[in-house]
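By letter and in written order, the chains are A, B, C, D, E and F; residue numbering begins at 1 in each of them.
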Amino acid sequence: MMTIGLTHYLLLGGLLFSIGMAIIIIKRNGVAVLMGLELLLNAAALNFIAFSHYTVGDVRGQVVAIFIIMLAAAEAAVALAIVLNIFQHFKGIEVDEVSTLRD
Amino acid sequence: MIFGGTMLSNGLVFARYSLAEWIQGLLGDRLEMIPEWILFPLLMLAGCLVIIGFITVFALFAIWMERKVSAHMQCRLGPMEVGFHGALQTIADGVKLLGKEDIVPRHADKLLHYLAPIIVFAGVFPLFVVVPFSEKILISDINLGLFFVAAVGAVEVVGVIMAGWASNNKWSLFGAMRAATQLVSYEIPLGLAFLTIILLAGSFSMVDIIHQQEGWLSNWFLFHNPFMPIIFLSFFTASLAECKRAPFDLPEAESELVSGFHTEYSGMKFSIFFLAEYAAMYVVCAIAAVMFLGGWSTGIKPLEAWLADSAGNPMREVLSNTVHLVVIVTKSMFLVFVQMWLRWTLPRIRLDQIMHVCLKVLLPWTMVAMVATSAIELCWPGGNMVLTALTIVIWSIPLLWTLKAILDMTVGIFLKFVPSGR
Amino acid sequence: MGEATNVTEVPLPQGGTVAVKPGDFRTEEMLLNIGPQHPSTHGVLRVVVRTDGEIILDSQVHIGYLHRCFEKVVENVTWTQVTPYTDRMDYLASMYNNLGYSLAVEKLGDVEVPERASYIRIIIGELQRIASHLMSVGTYGLDVGAITAFLYCFRDREITLRIFEEVCGQRLNYNYIRPGGVSGDLTDEMLKKIDDFIDYFLPKIDEIDNLLSMNGIFIYRTAGVGILPLDLALDYGCTGPVLRGSGLARDLRKDEPYGLYEQFDFDVITGKGEKGQLGDCWDRYMIRVREMRESCKIIKQALAKIPEGKFIEPKLLKNVKVKKGESYLKVENPRGELGYYIVSDGKKGPYRCSVRAPSFCNIAVLPEISRGCMVADMVVIIGSIDIVMGEVDR
Amino acid sequence: MTMASMYFDYANVAVFFVFAVVFVILNISVISVILRPTVENDQKDTTYECGEPSVGSSWVRFDMRFYTVALVFLIFDVEVAFLYPWAVVFKDLRGAIGGSATGVFVFLEAAIFLLILFVGLIYVWKRGDLDWVKSSSAQEVDARQRQMIEAKDEVRL
Amino acid sequence: MNILNTLSILAAAPSEATAIWLPVFFWTFALVSVLSSLAVLVVKDIVRCAFLIMSSLSGLAGLYLLLGAEFLAFTQIMVYVGGILILILFGVMLTNREPLLIKRMKATGLVAPGVLAGLILFTAIGYSVCTVDWKVTDQPLPADADTPARIGNALMSDFILPFEMASVLLLVALVGAAMAARRGGAEG
Amino acid sequence: MTSEEILKRLQDQFGEAILGTDDSSLNLTVKVASETLLEISRFCRDDSSLSFDLLSLVSGVDWTDRIESVIHLDSTAHKHHLVLKVDCDHESPRCPSVVEIWNAADWHERETYDMFGIIYEGHPNLVRILCAEDWEGYPLRKDYLMPDEYHGIPNDFQQAGKRPQKYNPRG
């Protein structure tokens, strides 16, 4: 056990960001890609909060994180609606197939 | 055993403190040898045990009460065999359920099927952390109390969807989808009601909210302004829906969906769902009592003042805690009773109608009432006596009407026993 | 990926494959069994519904789970031995089954029925109608989730069952009305009990109205649901409350009076679409509630003028002589027109006995009126048709 | 409220959470296992479908309306989350007595916020996305029926 | 020593208990979120993926709590677990082509590049995080920090424009998503 | 309308197609040729003086040499009753279906098919309704014998000479 500091949170955020990126690259399903995206946003929010906690001692980072969560919700709503639309048009939500079938 | 004995001997009041004393008495001087980081989780665990004991006792009592209430509403006697008026019937049923075989359908997703009851229970049980019983008898007065309830209460949906999903049964999936839409959409009126209370109290904390309502009965938030009863009704309706109680019991509508999302659950897993439902029932009613009905406040100012004046008077403190415990539990139990009453009176409504009620009735009304309340709070900080009086007058009409109906009914029952000429 | 041509074979967990073609966006049809073991199918009815989410696209009714070859069995027994078998068809209105059969045999065999027996038949028959409607109304409450109304109805039905038990020693399968009369007399004490019951029961109907019929949620659930237009009802041969719910005042007790019904004064209740549309579930339900009042009216009148006399020719209890020929006779059962088509070759028992079971005809219309409803409505519609599987399957 | 005290509160929550999980697992997998029988039966493990073998798979694609409801919920959920901080400071900002300028400003902020979202709700409402069952040709059925009854009456006369 | 006194003392000041338990909680939450998001990479059943993401985000909520952002932690649970997850599940149920319980997502041909990209990204981030000397403040948050109130004050003063814009954005999201979903439905 | 009037109306309209009446029946019973059944039925329904709008029952009677298909009709407006009978061949009974005229005939015809084996030509879905779909034989025919077993369920009663076992609840 050691004292937990800013570096821990930043590394953790970086790790989650990388995993989210990997999910986006690897997964073919549109909904799964969306999940990866949520992870990216959350990793960013974690960094904001960690920074604001350790370097400023303020709640501004938290306010930004709230906006991130709000953005994530709006993004999820719209993205899923688009995914549904894509499904309607291409009878599938595999992202690579969809990109090749653009017309 | 010792724990139980201590608890009984000291009474339910100070249960947790007496436990601490008990540990102290047991260890004496050696107490300091125990590192704090072990001692504290232990103390918290003791709180858990008290609460799980409370939940169990409450569930036993509530189920018995539900049976008796329904039975007497339906001109029956209900359970009569096991114990005094069937008081031990629930225990017998519990033992039976414990011995029931656990059947998991062949094509079910076994892992999720197993996890679902855990999530449902774990989504309800932590809510008891913020449920206050009196100044001293509460696990923890979390700074963000009401928000905590709003957030953790949302977790249960996940378990319900998981249960319906993992069963690989059409009825379960129907139930899960219904549950998801219903629980999810009724969280909005619930959240708006929370907002209004937070707005009035200026705090999330349960204890703060109760302290704001101390004094005379007119201080209760229910009577704050004519819009508050709307908020209360909206909250109560939404809490019925959140507990999946009739007339909002669509997720488990037995005449339509057989048993809804827990169709494929048997034995102990099923009883966990059941336990969680009853625990949630108490939580929402207790929170409603805190939010609108002044929590543990008796509503009589001199009595409150007398009880609060406990300086150098330990017995007064004990008395005060006991009275407050009784008051808040009575308020909550009354609301629980109303829940049961509604369940045994009203038919079930349909899915589209449930959405209609939520999105087109409750949501706009609660929104308007919330904005109005904030405007009133802006104009008359701390409330206005005229408005309070107005509220009491306006809303006592339907209340008196209900009372009259109840009186008619009860008098009617008494008349029944009067031998008639025939 | 082109148009919807690529059908893929997807392995199922239970083995085998299922052909999957990329369906359209929002419609994914699912086949769902409602019944035979379902709380709301009132027996062993099985309805296979094709749904889109919760909305029913189409449904198919499967029956036969309770088939007991009534028509075959009675070809091998004597005329009087048939009545116990009729009991078991519509087990909620056994008296009426006995009555229909007895009337048909009496008509074919030219058997005289004592006047007192006719009165007893009317009293008992109407009491049976009340019992049957109470069951229907109560279980309908159960279908929409109002359990208390169900128990209230059962509490009152219990009294009628006790009366029946006292009259003929049975609570469900009475075998009471026989060709030529009834199997036992009604004593004055029993008549008094029936009278008391009617006095007790009339206010109870208001109680049911208050608790269930006029309940906002109940109306919300049933009004405007499962609308059965009159032409459709006639086309499918629906009768009884189902047909009257669609607005046609057809009641055999008035239209083609049997027994002594022409001497009684009562109203034929029809649906008026008060709460929703004409012919919806609420109308069908309400007909039953209101008919109970009419039945009480009839019983009151019958009790007032029941004559003294014999209740059956004793020799008729053994067997009836029936000449060669055939007859068809229908009576107004609580569920609709119960018809008995009896063919005799002059021997001891029926050569052929065919039954027009009202539930059998009424339930056939279910797919028509449940289209486009939700699964929850399906339950409500089945309940509003009020079927007894013993009668549907015979 | 200090950090330590906050941790103390939430440690309680954590303990409760862990306790709940352990309690359920204990019940399902330990106590009940000791007491309950396990009788293998092939029929018993089948999925319940009213006593008939399942027709088709339980794979079902649900209606779009579920999505719309969840959508409305999510948006309003976020909105409520945004308003919690506002609600808690409202009392402090509105000024001690009467409506101060800041108070009116804060009130209007939230009111506008709510109003904008209310517009969204009304939009979805008016478009009929919140309606579950589109009312079919119910009027038509009614008209047809009344016609039939009138025709009947004529025959009877 | 009276145990009740300890209780109040401990509740008031950072102590040995917090010092010992904090890292435990940190590592637990970190493990939960990292492991479940790693599992999302491996698991093929999309519904399980959704539940895993949920657990990952709940772990993050725990981390927010440890950072003193209690309000944010609950917002996270409320919006993500109670909202976005449900939306995602509905999305899954509306777009599946195969029986869901045997649904196996096919991976793209990009497994190796994906993993590689993730690793490289993490190395880069890790390197930069570890090399920079972050100026850590001595006073993280004032002792009487009432975060929700502070957030409220911030929203009502500095962030007033974003606050209002948020409602507009949510409105646009609601209308847009409803429209997109509706159009898909209508054409189906 | 009385029975005579109905009969007269039908005979006026169809003449030879009305094969006769069945006097042993207490209801007006008209025998018709199977070819003209549909035409007569439609007339019965549509003619305003007859207006048989309610089909009560479709049934069958096995007279060992022939099988009769019997249709009972009701008029809700005029409150009169009519029975139409069609004689069918005993070996391969066939009869036109009246489903297109009265939908009510659907289930009744299926049941009669199930019990007597009368093939109703033109019926949209002529499958067994009460018996299992793989049931053999037509139970209500006079020459029908119960099968000895069905899917492994033995038929105890027909084991020759054996009295039915006394019921013993304890096995």
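Operating definition for what follows: a contact is a pair of C-beta atoms (placed from the backbone, for glycine too) under 8 Å apart; a residue touches a chain by one contact, two chains touch by 3 or more.
Predicted, not measured: the structure shown is a model, and the values here were computed from it.
When the interfaces A-D and B-E are ranked by C-beta pairs in contact, the top one is B-E. In this assembly, the chain whose C-alpha centre lies farthest from subunit E is F.
Among the remaining chains, F is positioned farthest from subunit A, on the basis of C-alpha centroids.
Centres computed as Cα averages put subunit C at a distance of 40 Å from subunit D. Subunit B and subunit C, compared by their mean Cα positions, are separated by 44 Å. Mean C-alpha position of subunit B lies 18 Å from that of subunit D. Subunit F has its Cα centroid 71 Å from the Cα centroid of subunit E.
Shared interface positions of subunit D, i.e. residues touching 2 or more other chains, are given as 1, 6, 8, 10-11, 49-50, 54, 57-62, 64, 66-67, 70-75, 77-78, 81-82, 84, 87-90, 92, 114, 121, 132-133, 152. In subunit C, the positions touching at least two other chains are 12-13, 18, 22, 24-27, 30, 32, 38, 53-54, 248, 374. Residues of subunit F in contact with at least two other chains: 76.
Here subunit A touches subunit E in the complex through residues 1-23, 25-32, 34-36, 38-39, 42, 45-46, 49-50, 53-60, 62-63, 65-67, 69-78, 80-85, 87-88, 91-96, going by the rule given at the top. Across the complex, subunit B meets subunit C through its residues 70, 73-76, 106-107, 170, 174, 177, 246-247, 249-250, 253-258, 344-353, 422. Here subunit F touches subunit C in the complex through residues 22, 24-27, 29, 53-57, 59-62, 70, 72, 76, 79, 81, 83, 102-104, 106-108, 115, 128-132, 139-140, 144, going by the rule given at the top. Taken together, the subunit D residues at the contact with subunit A in this complex read 64, 67, 71, 74-75, 77-78, 81-82.
Listing the residues of subunit D that touch subunit E in their complex gives 1-8, 10-11, 14, 57-62, 64, 66-68, 70-75, 77-79, 81-82, 84-90, 92-93, 106, 109, 112-114, 116-117, 119-121, 123-124, 127, 129.
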